[in-house]
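You will see two complexes here that share chain A, one where it goes with chain B and one where it goes with chain C.
And now, the complex of A and B:
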């Protein structure tokens, strides 16, 4: 009988912890959504990526848009993502699900490099 | 316009001390005659008939046609390509063949290559040779380019051929480019090149052509090739090496020892001089100036003297057509 009560207590405690942790997670995501939009743009102007380096949170969708008169590409140096040639005003998007540092470049004009840091 | 080498201590090697900068900027006409390691440069008016007399054969170079480009810098690149072809067809000595040094298309599209092919049919010449520019190998690693223009080539499209005692080498430096790097030839192509020239006599004149310059012009804009020195090291034994490139859409020349480097104008649009603009992208000039910054390159080879005369002329420049008449009056 005593053991049964204890078990109920432990179960209740677990539920409580779970509830708290769910609340913490919900708050975390609410704050993340407020401070950090889930979509980010990187522009390509005059043969450079702007911003050249950016930090985003996990799950962010990053969109590159080419404003130059010449085609560019967005290619991860680790082969994680790769766009086709982007003509003027063409876009390419990639959603970063895992944390890490992602270096990329334009495979047509490899002097153009950039970095996305995912936290 | 240009200078004459004052000191050339090592005619067989790449000699940085005796190096000459002969820059013929777009909009001007210049004649550079190369004999051994010595280059003489003339403005068009100062040309002597002996400089071109007895030329064994002539060939021509066109570059950077960018068919498909339609932005402000030139809304009709097909029209200016056709004007360049008309200039080729009006040369005093018909070119035995024409070399296109890449960026045939803007976006590697089939219809762009079709338009180029259609236009080039009207060139009065024996054959047209190609090397790809970075715009010709987008999205498919150059598969379409190879099917259309590289049937008898090796690797990504490199090859060599002999013409009247001159050894021509077409190289590809726009594939598998590395982040932060410049143009790239790669290990396989370098190995092939070393083998290709190994058994040639050192007196054989060599002409190398590739899209991106094989000398470092302005690395901040990617105007150079990472492993070009390795390639040139295989050509050290030759008395006469001429390197023809495109990519930078303007005429630039340099002589280092036995090697003469030359870049051609585009048939489509100009680009700024190194560092003289926000980027190496298309440069808009007033409409009435456009044809003074587009053009063709004509090369005359004189056997025996190993003389290669490189003449650049713009679409609006009439001096090439006028030249034979002028030579006669000089006589």
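And now, the complex of A and C:
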């Protein structure tokens, strides 16, 4: 009987340890994800930015990828950021550390415009 | 600044295209002035076109070439987008320089005697013909860059 109780106790202890460890791990990764700045991609396709407008949190790194067969640029209207000419599959990234609305366009094809809202 | 010709091109590219076509026509008119022996008007017309083209090269075409084409050549010359622009740029630069040389020979005493050509009509006609070839290649470049985005370039 004593051995049976011990086995039950050990099993319960193992379950408790497993549960606590799973909770700690889940909390750890959740916190890590919160602290890690998010990364967002905007594609350039068929002479347009997609999505045309996005809302991100502060510290987010936004990457533009040109999938067109002609070069494009990414230029902020208030001169906060400016890429070189991006050829096919070239990328440009910018990390938004301040909140606000950032309008941008392609200087080669000014009809192409987009907006990043940082909260 | 957005263009006004209904393509994705910017304002400066559209202005440049319109001015280049106008300049090509002005050169033909200038040639007719020489035929009718109005040489002063001919000289003024040709000089104005050459200098205006020089301004457009400095303000519009060279910056665009420098930003979009120069970093990619010779590596990507096999692509139409770069090949046509490079050909147009090289031929256009040579034509502008030759035009300026003709202007200096015909309109000034700045060029030493031994560097002056004598067959005026021949070289001026050659310049006019090449100018139009460059103009047509420029129109082709514009439509390749801005007018036909759906084509695989």
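Everything below uses one rule, namely that the second predicted complex is superposed on the first by the 82 of 119 C-alpha atoms of A that agree within 3 Å, B and C clash if a C-alpha of one lies under 4 Å from a C-alpha of the other, contacts with A are read in each partner's own complex, and residues count from 1 in each chain.
Everything below uses one rule, namely that contacts are C-beta pairs under 8 Å (C-beta built on N, C-alpha and C of every residue); 3 or more make two chains touch, one makes a residue touch a chain.
Note that the structure is a prediction, hence the values are computed from the model and not measured.
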**Simultaneous placement of chain C and chain B on chain A, clash or fit** = clash
**Prompt:** When the two structures are overlaid on chain A, which partner does A:103 contact: first (chain B), second (chain C), both, or neither?
**Reply:** first
**Message:** Taking the superposition on A as described, I'd like to know which of chain B and chain C A:77 touches: first, second, both or neither.
**Reply:** first
**Message:** Touch test for A:50: chain B only (first), chain C only (second), both, or neither?
**Reply:** neither
**Superposition-derived comparison: chain B or chain C, residues of chain A touched** = B
**Request:** Report for A:95: first if it touches chain B alone, second if chain C alone, otherwise both or neither.
**Result:** neither
**Of the stretches 217-225, 253-261 or 307-315 belonging to chain B, the one that collides with chain C** = 217-225
**Message:** Considering only the contact definition stated at the top, list the common interface residues of chain A for chain B and chain C.
**Reply:** 46-47, 68-71, 84-85, 87, 107-111
**Interfacial residue positions of chain B with respect to chain A in the complex** = 69, 71-73, 106-108, 134-135, 138-139, 177-182, 219-222, 278-282
**Sites on chain A touched by chain C in the complex** = 46-47, 68-71, 84-85, 87, 107-112
**Fill in**
In their shared complex, chain B is touched by residues of chain A numbered 46-48, 68-71, 73, 75, 77, 84-85, 87-88, 103-105, 107-111, 113
**Asked** Of all residues in chain C, which touch chain A in the complex?
**Response** 1-3, 8-11, 64, 67-68, 71-72, 76, 81, 145-146, 149, 152-153
